[in-house]
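Each of the two complexes below includes chain A, the first together with chain B, the second together with chain C.
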Partner chain A sequence: MILALAIALAQSESAGRDTYLRRCAWCHGDTGRGDGASAAGMFPRPRDFVRADYRIRSTPHGRLPTDEDLARAIEKGLPGTPMPAWEKILSRDEIAQLVRYLKSLSPRFADERPTPIAVPSGPGSAERGRELYRKARCTLCHGDAGRGDGGIATTLYYEWGLSPPARNLTRGWTFKGGHDPRDLYLRITGGLNGTPMGPYADLLTDRERWDLAHYVASLDVEPSETTEDFVVTATYIDGEVPSGHDAPEWGKTRPITIPLGAQVIRDAPIRWWSPTAGSVTLRALWNGREIAFLVEWGDPTGRGYADSAFLQFPAEAGTKPYLLHGDEDESVLRWHWQSDLAPVEPMGFSVHPFWKEGRRHVVFRRSASGTPGFRPDEFIPLLVSVRDGSNGERGDRRALTTWIYVRPEPRKTFNPWLEALACFLGVVLLQVWILKKVRS
Partner chain B sequence: MKKVPTLVRAAMAFVILYGFFAFGIAPVTKALVGTAAPLPSSLVLMYSGMSAAAILLYVSLREERWRDFFRPVVRFLRDDEPPTRAKRFARAAVLVLLPPAAGAWAYARASAPPEPPADPPGIHFNLPDKYAAVENPLPWTEDNVREGGILYTRNCAMCHGDAQDGNGLFARAWQPRPANFRDTGTIAQLDENYLFWRIKEGGPGLPKGSIEHRSAMPVWDGVLTDDEIWKIIMFEYTSAGVKPAKRK
Partner chain C sequence: MRALPALFLSLLLAVQLGGQEAPLRNGYERPKNGPPLTNIAHKAERSWLWAKIRSPKHHPSARMPEFDLTDDETRDILAYLDGVSDPSFPRIEWPAWAGKRFEDMNDDEAAEMLDLVDRGKAVWGNARCTVCHVVNGPGGKLIGGFVDLRAGGMDLQIAASKLKRDWLFQWIKDPKTYFPDTLMPRYRLSDEEIRALVEFILRDDAFRPPTEPAPDDPKRRDRQGDPSRGKRLIELSRCAVCHDIKGIPEVLTIPDRRVPPQGNTMDWIAHDVRCLSCHSIEGRGGTYAPDLTNVGSRLRPEWVGEFVQRPDLIRPLSQQMPKFNLSDVESKAIVEYITTRRIDSRIPAEIPGGPVKESEVTRGREAFRSRGCAACHSTGEGPGGVVGPSLSTVATRLRPGYIWYHLKNPHSVNPYSAEPDYGLSDEEARLLAAYLSTKKGK
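Then we have the complex of A and B:
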C-alpha cells in the first residue's frame, strides 16, 4: 500500500518534470535555478526554485508559499512579467504535478509546513489608510502619489545586486500578485522575500494593514486595458492653445492612453526588452492656427538623467514610413524633447516639460501649417516614443507606440440636432407627397 | 400557384446577394484557397449598392413589372375597400415612426467622428516566388526543436508569448497584434517555408501598400542564420501543438 503510494507519487513527480522541461525550463532553467536560456535579458528574473525565495505568497515573511500560491501563479501567470497564464494550456492535473515537482527542487519543502496568513474581512477604510501610508513611511520608496518615485527609491537593491524599482502603485495591472485589497494585505503583511519590501506584520496592527491595503488599492488609477481606437482627437478650442501642462483647456479634450512596446524592431546596436514606461497618455488641442500635444508617462526619476520624448510624423504627406525611423524611400520627421538639451534643430515648435511625483508631462506646441500640416478631419499618422535615462535608455533603447493617428476636429459650425430636424421634416414631407399621389 | 409579388422577389434577391458579400465570401475563399478572406465592409457596401441598382434596373425594364413592384406599397397606403383595424394601426405606426427614425439616424451620422483610414485587411499574404521551392533542410529531431525553443524564448517570446499564444509582454502595443500560434487560423494553415519568409524578412518584406509600415515583426535576416530560423519554426509548431498544412 505504502509502496503503491510511493510509486504513484514518483510517477506524478516525473510527469511534473516532463511538463517542466517542456514548458518552464526555457526561462527557469533545466535545474530550476532561474537560469534558463532567456533569463539573462529578463526583468524581473525568472524565479530560482532551488533557493525558493518566493515573492508572491499568502504566508509570513521568509516562509515558503502554499501549494495554492504556486498553483495560482502558474494558472494566472504573473501580470507585468513574461510569465504567462497557463490555465488554458495545462490541465489541472498537470499544474498539480508541476507544483509537486517545483517543491521537490528545494529540500525546505520537506520540513516546513507553510500556513497562510488570516486575512481580515469586513470593510477597510482607505481614508485611515492614507494616514498610515505616510506614518509607515511607504512614501520613502513608493512616493507621495504612489508612483514609485520616493526619495530613496533609486538607492534600493536586493540580493542579486539588481536594483528593483519600487512598485508604481498607480498601475495595478503590473502587480505580480494581484491588486485587490486581499492581495495587497498579504504583500504588506508578509513582504516580498528577498527584496527591500519587508513585512509589516509587527509594525502595524491587522486592522491598520487592512486599511492600508484599501488605500493602496485606491491608488490604482491607470487604466489596465489601453484603448483600442488609436486616434488622438485634437479638440477645437476658441482662443490660444496652452503651453502649460496644467492649463484648464486640457480638461476640454478626452485623454487616450496607448500601450508602449519595447524597441524590439531594430537589432543595431541592441534590441531593448526592459523599458520603464508601459503606456503613454496623449491629449491634443488646436484652434485652426496652432496645435498642442500633451504627452504624459510614468517616470520615477525626475532629475539628473537624459529623458526624451519623440513625436514623429511622415516627412511627406500621404506616405506611410516604416515604424521608428522610416526607410530610404519614406522618411519621418521628429519633434524631439530631451531633458538635458535645448531642442536640437530649430523645428519651429516649442516644448514645455514638467515633472512631478513620478510623472512626466511634456507639451509640444507648433503652428498647424507647415509639415506636417494639420487640417480639419484629416488623419495624420503619429508615432510616440519615450526614453528613461535612469534605466540606461539611449538611442534606440526606448519604448514606442505603433503608428496611430491624430485628427484635428473641425470647428463646430452646425448642430447635429439641426441635421436630425431637417431629416425628420424631409421624411414627413415625402410621406405627405406619396400619400397624396397614391390616393389621387 | 400564386405569383410571388415583384417587390418580395426583388427584396429576396437583394438579401441573398448581400448575405453572400457579407458572410459568404469567407467560407468560399476558405474552401477554394485554404484561407478565409472576407470582404472589407466598404466593399460590401459598394457591391450591395451595385446589386440594388441592377435589381431596380431589371424591375423598371417593363412598365407592367414596374407597376407590380410598387403595388404592395400602394395597396398598403390606399383603401380600395374599408380598411381593417390591423391595417389602419400598422399604417399609422409606419407613418408616425418613420420620421423620428430618420432623424435619429441623421443625428447619429452627424455626431459620429469620421473613421480613420483603414489598412488593407488580411494576415496571410501570397508567398513570394523565391520562397515557393524552399524546404526545411533540417530533420524534426528533439535537439533541433530544443535549440529552436532556446532561440524562441530569447528572441520571439516577448511579443508572441512564452505560451505561444500571441500574448507576450509587449503584444498589446502592436497593430496588428503578434500572431497567436495556437490559433488554428495561423501557422496551422501555413507551411514552414511561409514562416521562413515571414521571419527572415519581417514587416518590411510584406507587399508594398499592405501593412508593411506598421508591422512590428523585425527583419531577422542577418541576425539569425537560416538554420536557426528553421529550428525556431519547428519549435513553434511543436510547442503550439499544431502541424504545418502540408504535413497533416
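Then we have the complex of A and C:
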C-alpha cells in the first residue's frame, strides 16, 4: 500500500518534470534556477524555484506559499509579468503534478509546512483606509496618489538601483497577485518576500489592513479609463483656447484614453518592451482660429532626463505616412516637447508642461491654419508618442499610439434645445392647421 | 530593458564594490547601502542627527530620501536610536584639555595642539585620504565611479560638526568593527598618528560646513521622544532596507558576511585594506586601479614588496595608491600571493631565446631609437617623450619576460592603451626587451 503510494507519487513527480521541461524550462531554466533561454530579456525575472523566495503567497512573511498559491499562479498567470495563464493549456492534474515538481526543487518544502494567513471577514472602509495610507507611510514608496512615485522609490531607484520600483497602485491589472480587496489584504499582511514591501501584520490591526486593502482597491482606476475611440473631437468653444492644463474649458470636451504600444527599434532588444506609460489621455479644444491639445500620461518620476512627448501629423494634407517617421514619399511633422529642451519657436506652436503626483500634463497650442490646417469636420491623422527618460527611454525607445484622428467640431450656430422646441411647436401648429382644415 | 534590472544591478554593485569577499549567492541578495545605525548615538552629534533625519536633503549631496517626519516623530526616532546604542561602547582616554577650544587653552596646551594638528595634516596627506574623500569640493576621484553608491568616501566637509572624537579615533583605528561592509581600509597608523589625525579633522576649518546644522527646536527640546513610537516609525519607513538597526526586523535577504580569519594571509589583508575597492582580480572588484589578475607574471616581486609598503608614483599624472603602512610580514604575504597565484602561463618569466648578450642590448638600443619609441617614452638617455611612462627604471618594476610579452601584445592588459601595436617579430621584441631590461635606474 505504502509502496503503491510512493510509486504513484514518484510518477506524478516525473510527470510534473516532463510538463516542466516542455512548458516552463524556457524561462525558468532546466534546473529551475530562473535562468532559462528567454530569461535574459524579462522584467521581472522568472522565479528561481530552487531559492523558493515566492512573492505572491497567502502565508506570513518569509514563509513558503501553499499548494493553492502555486496552482493559482500557474492557472491564472501573474498579471503585469511575462508569466501567462496556463488554465486553458494545462489540465488540473498537470498543474497539480507541476506544483509537486516545483516543490521538489527546493529542500525548504521538505521541512516547512506553510500555513495560510487566516483572513478574518469584515468589511473595510476605503474612507478610513485613505487616512491610514498616509499614516502607515505607504506614500513614501507608492506616492500620494498611488502612482509609485514616492520619495523612497524614486530616490533609491535612481541612485542605488533598488529593486523593484514601487507598484503603481492605479494599475490593478499589473498586480501580480490580483487586485481584489482580499488579495490586497494578503499582500499587506504578509508582504512580498524579498522586496522592501515587508509585512504589516504586526504594524497594523486586522481592521486597519482591511481598510487599507479597500482603499488600495479603490485607487485602481486605470483600466476603466481606456476608451475604444480613435477620434479626438476638438470641441468648439467661444473665447480663447486655454494654455493651462487645469483650465475649466477642458471640462467641456470628452477625453479619450488610448493604449500605448512599444516601438520597434533598430538596436537590441529589437522592440522597446517596457515603456513606463501604458496609455495616454487626450483632449482637444478649438475656436476656429486656434487649437489646443491636452496630453496626459503616467510618469512616476517627473524629473527624468529627456522626457518627451509629441503630436505627429502628416506633412501633406490627404496623406497618411508610414507610422513613426514617415518615409521618403510621405513625410510627417511634429509638435514636440522635451523636458530639457526649449521649445522650437519657428514651428509656431506653444507648449505648456506640468507634472504632479505621477502624472504629466502637456498642453500644445497652435493656430488652426497652417500645416496641418484644421477645418470643421475634417479628419486629420494624428499620432501621439511619449517617452520617460528615467526609464532609460531615449530616441525611438518610446511608447506610441497608432494613427488616430482629430476632428474639429463645427461651430454650433444654433441651440439644439431651441430647435427641438421649434420643431415641436411647428408640428403642433401643423396639426392644428390640418385639424382646422379637416373640420372646415 | 528597464535600465538594468535592479536584480542584476545589485549583483553588479556587490561585486564591483568589493564589499563582499565572496560573490553573492544570487541576484536577490543586496548588501545594505547605508551605515549601521545601532551605535549612531556614539558616532554623531545629536544636532547633526536631528537635522539629518528631519530633513535629509539639508546636505545637498545626501542620498537619503526625504521621509516627511515631524519634529516629534524625529525625536521619537532619535529616542529609539539612543535606546539601542551599546552602553559598553568603548571610550578613549584623552588628555584633560583635549576637548577644549583653542581660546580656552593655555599657551603650552595651544602650542601642543597646533603641533598635533600639523602632524595630523601630514598623516592625512601621507595616507592619501583624498584618494577617496571629498573635502568641500576637491579630492575624491573615486566619487562617481562607485564609492558614491555606498556609504564610502563621504564628503568630510561636515566631519567636524558631525563626528564625536571617541568614535572617530576608533573608526580610523579599525573601521570594520563599526561597519563591517565599509570600503574604508584599515590604515596601519600608530595611536599617536590617529590622535593627530583626529585633531586635524576636528579642528581644521576645511572640515566645518559654512553653516552648522540647525539645532533641535529649543522650545521643545525637553520633550522626551517615545522609543516605541520611534520603533514603529522606523519600521513603517523601511529604514532597515538600507541600515542595520538593532531590534528592527529585516525585510530583504541580507547576504552572509564571510570574514576571513585574521592573520598575515592575503585573504585577511585584502579584506582589511579593501584591495578590491580599486583593483580587480578576474573581473571582480573596482575599476579605479590596474587589474591584478596576472600581476605576478608582470611585476618583479622585489618591486611589489617595496611598492605596497611605499606606494610611490608610477604615472605622476594618474591616480595614486593610498599608503596603508603595511608591515614587512604583510608585504611578504602579498608578494607570495602574487608570485604563486597571480601568474599567467602565457607570459614567459625570462626573455625567450636564452640569456641576453651584450651585443643584443646595443642593437636593442638602436631599435628603440629607430622605431621612434622615444617620441613617447624617456629612458634617461637623451631626449624622450612624456606621453608614455618613463622607462628609465622599467627593469626594476617589470619582469624581463613581461617586457618582451608586452612589446608583442601591447594591448593585452589595457585594450585602450595608446601604445601602437607594431607587430614586432620575436627577434625584434627580444632586442628591445634586452635593452629595456638594463634600465634599472641608478
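The rule we apply is simple: the second predicted complex is superposed on the first by the 392 of 440 C-alpha atoms of A that agree within 3 Å, B and C clash if a C-alpha of one lies under 4 Å from a C-alpha of the other, contacts with A are read in each partner's own complex, and residues count from 1 in each chain.
Keep this in mind: a contact is a pair of C-beta atoms (placed from the backbone, for glycine too) under 8 Å apart; a residue touches a chain by one contact, two chains touch by 3 or more.
Quick caveat: nothing in here was measured; it's all calculated off a predicted structure.
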TODO: Tell me which of chain B and chain C touches more residues of chain A.
DONE: B
Open item on the list: By the touch definition at the top of the document, which applies to A:41: first (chain B), second (chain C), both, or neither?
Closed with: both
Task: Which of chain B and chain C A:416 touches, first, second, both or neither - done: first
- [ ] Mind working out whether A:196 is in touch with chain B, chain C, both or neither, as first, second, both or neither?
- [x] second
TODO: Return first, second, both or neither, reflecting whether A:392 touches chain B, chain C, both chains, or no partner chain.
DONE: second
Open item on the list: Touch test for A:155: chain B only (first), chain C only (second), both, or neither?
Closed with: second
Open item on the list: I'd like to know which partner A:51 touches here: chain B for first, chain C for second, both or neither.
Closed with: second
Open item on the list: Just to be sure I read the superposition right, which of the two partners does A:434 touch: chain B = first, chain C = second, or both, or neither?
Closed with: first
Open item on the list: Under the stated touch criterion, which partner chain does A:140 make contact with: chain B (first), chain C (second), both, or neither?
Closed with: second
TODO: Could you tell me which stretches of chain A are touched by chain B in one complex and by chain C in the other?
DONE: 41, 273
Task: Sites on chain A touched by chain C in the complex - done: 41, 43-45, 48, 51, 53, 61, 136-137, 139-141, 151-152, 154-157, 159-164, 191, 194-198, 203, 269, 273-274, 391-392
Open item on the list: Taking the touch rule as given, give the residues of chain B at its contact with chain A in the complex, in rising order.
Closed with: 73-74, 77-78, 95, 98-100, 102-107, 109-111, 113-114, 116-117, 149-150, 152-154, 157-159, 161-163, 165, 167-170, 172-175, 182, 203-204, 212-216, 218, 222-223, 239
Task: Parts of chain C lying in touch with chain A, wherever the complex brings them together - done: 1-7, 9-10, 13, 26-28, 30, 33, 63-68, 149, 232-233, 235-238, 241-242, 249, 251-253
- [ ] Over in the complex, which chain A residues touch chain B? Could you list them?
- [x] 22-23, 26-27, 36-38, 41, 80-86, 88-89, 225-226, 230-231, 233, 258-262, 264-267, 271, 273, 320-323, 327, 330, 377, 379, 400-403, 405, 407, 409, 414, 416-417, 419-428, 431, 434-435, 438-439
